[in-house]
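Okay, so chain A shows up in both of these, paired with chain B first and chain C after.
Showing the complex of A and B:
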């Protein structure tokens, strides 16, 4: 069953079309992430779902009920804001039960609901404090708790971790995911951070300039990007132009590229004779292999901790390979191979990308 | 951090607070001393409560007290009530909002007596209001609207004159509330009234208190509007004081003056405390109740 659905959502601000016919299906209890750069329309879409923005066209359904005309206060959603948006004049306890009081819940039930959330988020020591007496991470937990106490059909997150430091961000994102799974909540999460999206989501919608670029599981998006934008935005892949020169078998294609002739295994045919192909930096396996062997010189080395980026130039373009441990330095010769399964055809034509 | 000595702090504050204490203190001392007979302007000075006895025994005194409190209270409450929706409307800038805001503040630049006579012209026997009411058919003939006994005209004038002042104070306060905070309240189920009651009013209560206090004190001591458009069957405290002064009865005038000051102070405190209690009540009781439940559970 669908917890949330949005059909043909169009949002126009005067001449500007912020969302261009977006369709969204979120099964009950799943975690969907809207991923994209600033200004791509992800927060606009979240505002349409929460009711703060009425779409120019299209309908929104929560638990199969059309809520398009319903104001935010009547929708069964709860939003976690980027700024936390805690009520500065209310204690943590009052913040947490704000929604329950609005629902007119009896005090005994309210106390029970509060106790559950306080235990879950470990907020017991902070109940009497005001928001300005809390750290960023604690405020984030209160914001999450405030949304959880009302047990909404759909919980919405608007870049909730962007104000936290890297270490805290990682722990809070695991916390959010485990709470979502524990309560079986339908969640929509907005972020521009691909790591967050990949780590947390059941499904990711990649938005670009108000349009849906690709939707799929994190693995799909990462390993089988369909457009140059997705390949580049999710994981920063190596993208290059390729000319199809032969098709040795039904799913194998031979292409001419700046790295020489490569074999690509794909279930779908390339969209034109000259297309774009993408491969991940970590797909490069050092040493000789059965196919797609590239021998080149390391141009630049960048140690990133868990891995090392090795950059090299070919045909005027810069490419990147990633190795967990390597002694190679700038100027060294290196040979690597890429398995044909790890190279994908992109659906944009070369002229589209150029324009 | 090095904490400065209390003597240094006192010395630094002295030019500001010292002057206030000296001037206000002198005024209060003279007013109180005069109200009990000292520094008598029209006779021999002496310690006496006789003038107070006489004053408090007068029915007209209590009528003036009740009437001035009525005008002060309603002028303050209605002005603030009228200013809030406008402040919320002007919270987010829109095309022409600056012009609207400036026009709304225009009454601040018009002197009270000018405004009173302007209003008198509008509601006069052959004024615009009467003509309009006859045109609508609600009045058969012109009616006397000036100096109405219910003081509606006076209250209208008070609100017209004081609302921009409340607006000035509230606009800044309302603008300081983030949109996310209001959206969060709405998202959690709060409609417009609940958002006002539980978020906007508590977060702007200091500005609300300031507006209530200043307008209350101003309207309580009103003389200009009362003598021009106020009811003729009742006197405000300021009018009452002037009544004694014009007859050379300085002790009674001083008594009314002290009453005015005492009521200003007491009324301002009551309004400020009430506003805070209504809108910014701390949930001490609920917090304690929660801890009690938690401790019981921990024990069991």
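Showing the complex of A and C:
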């Protein structure tokens, strides 16, 4: 069953088309992430779902009920704000039960809900405090708790972790995901951080300039990006132009690239004779292999801790390979190979890319 | 060794001293003068008045227009504060909450009346009052005039207050199903409260001490405390009597000002939570 669905959503602000016909399906209990750079329309879409913005065209359904005309007060959604938006003059406890009070829930039931959420988020020590007496991470939990107490059909997150420091961000990320799974919540999560999107989601929607670029599981998006934008935005893959020169068998193509002739294994045929192909920096395996061997000179080396980035130039473009441990330094010669499975055809036509 | 810290301290102390003297000297003088007994004039060769008594206070209370003046001033001022506040609200709301073309110009235009000297406004205002036939109702005429005159303060303060209301608080409340009233209480009121009190107090104080309009419109029958003070400074100048009157005018204002200061200070920290 679909917890949330949006059909043909178009949003125009005067001349500007912020969303260009978006379709969205979120099965009940699943976690969907809207991923994209700022200005891509992801927050606009979230506002359409929560009811703060009426779409110019299209319908929104929550639990199969058309809610397009419903104001946010009546929609069964709860939003976690980037700024937390806790009511500063109300105690943590009052913030947590705010939604329940609005529903007119009897005090005994209210206390029960509060107890559940407080226990789940470990907020017991802070109930009497005011929000500004809490750390950023604690405020974030109160904000999450305030949304959880009303047990919404759909819980929405608007970049909730962007104000936290890196270490905290990772732990809260897991916490949000585990709570979502435990309660079986239908969640829509907006972020520009690809790591967050990959780590948390059941499904990711990549948006760019108001349009859906690609939808899929995190693995799908990462390993089989369909457009240059996705390949680049999710994990900055190496993208290069390729000319198809032969097709040795049904799912194998031979292409001419800046790195020489390469073999690409793909279930889908390239869209044209000259196409873009993408491969991940970590798909490069040092040393000889069955095919696609590249020998080049290391241009620049950048140690990132868990791995090291090695950059090299070919045909006027810079490429990146990633190694977990390497003694190679700038100027060294290196040889690596890429498995044909790890190279994908992108669907952008080359003329589009050039423009 | 002069560090920024010590310099800061020194300047702060200097400022406090000047400000204190600014208040203390005139007030001390006024208080002393108001207690001068008519039997023994306070001549320059005495540091303090030779004989002190409450005679002037009793005299002014019994034999001047002080009683009607106080009544007029202190019914006029709260009414002016309320009416001004109510009339300023829609403009302030629009300036504080909406984006529209020409907003900055509208903001300045709303403040323009402050630039014109009150006496000039008063003279032309009176002629308008005569034309619309309001001049004979002196109380309502002055009330009307004060409302117009102090509207810029109210609009300015309230529009800043409306700007302080955070959209995410409004959205959060609505998202959780709050009614319009609940949204107002939880998102608007905490941000507006200091501004509301400040507006009411400032217009109150301004109205209580306003002279030009009260004088020009109210002459000759209608007295307020300031017109009485100026009158006793003019016609039959009597320093001790003027001292009594000016104290009656000034002391409540100073107390209100201090109260206001505390309000504005105490209100701010509660508004900040989270970032962004």
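By our rule, the second predicted complex is superposed on the first by the 355 of 355 C-alpha atoms of A that agree within 3 Å, B and C clash if a C-alpha of one lies under 4 Å from a C-alpha of the other, contacts with A are read in each partner's own complex, and residues count from 1 in each chain.
The rule is short, and it goes like this: a residue touches a chain if its C-beta (ideal position, glycine included) is under 8 Å from a C-beta of that chain, and two chains touch if they have at least 3 such contacts.
Just so it is clear, the structure is predicted and the values come from calculations on it, not from any experiment.
Model built by superposing both complexes on chain A: chain B and chain C clash.
Once the two complexes are laid over each other on the shared chain, residue contacts for A:132 go to chain C alone; chain B is not touched. Touch criterion met: A:72 reaches chain B and chain C at once. Look at A:114: by the touch rule set out above, it reaches chain B but stays clear of chain C. When the two complexes are overlaid on their common chain A, residue A:279 makes contact with neither chain B nor chain C.
Of the two partner chains, neither chain B nor chain C is touched by A:253.
By the touch criterion stated above, A:85 is placed in contact with chain B and with chain C alike. Contact with chain C, but none with chain B, is seen for A:163 once the two complexes are overlaid on the shared chain.
Touch criterion met: A:93 reaches chain B, while chain C stays clear of it. When the two complexes are superposed on chain A, the residues of chain A that touch both chain B and chain C are 50, 52, 71-74, 77-79, 81-83, 85-90, 98-99, 102-103, 146, 150. In the complex of the two chains, the chain B residues touching chain A come out as 178, 180-181, 183-191, 194, 198-199, 202-203, 280, 282-283, 286-287, 289-291, 293-294, 297. Residues 50, 52, 71-74, 77-79, 81-90, 98-99, 102-103, 130-132, 136, 139, 146, 150, 163 of chain A are the ones touching chain C in the complex. Here chain C touches chain A in the complex through residues 166, 168-169, 171-179, 182, 186-187, 190, 269-276, going by the rule given at the top. Remark: chain A residues 50, 52, 71-74, 77-79, 81-83, 85-91, 93-94, 98-99, 102-103, 111, 114-115, 124, 127-128, 146, 150 touch chain B in the complex.
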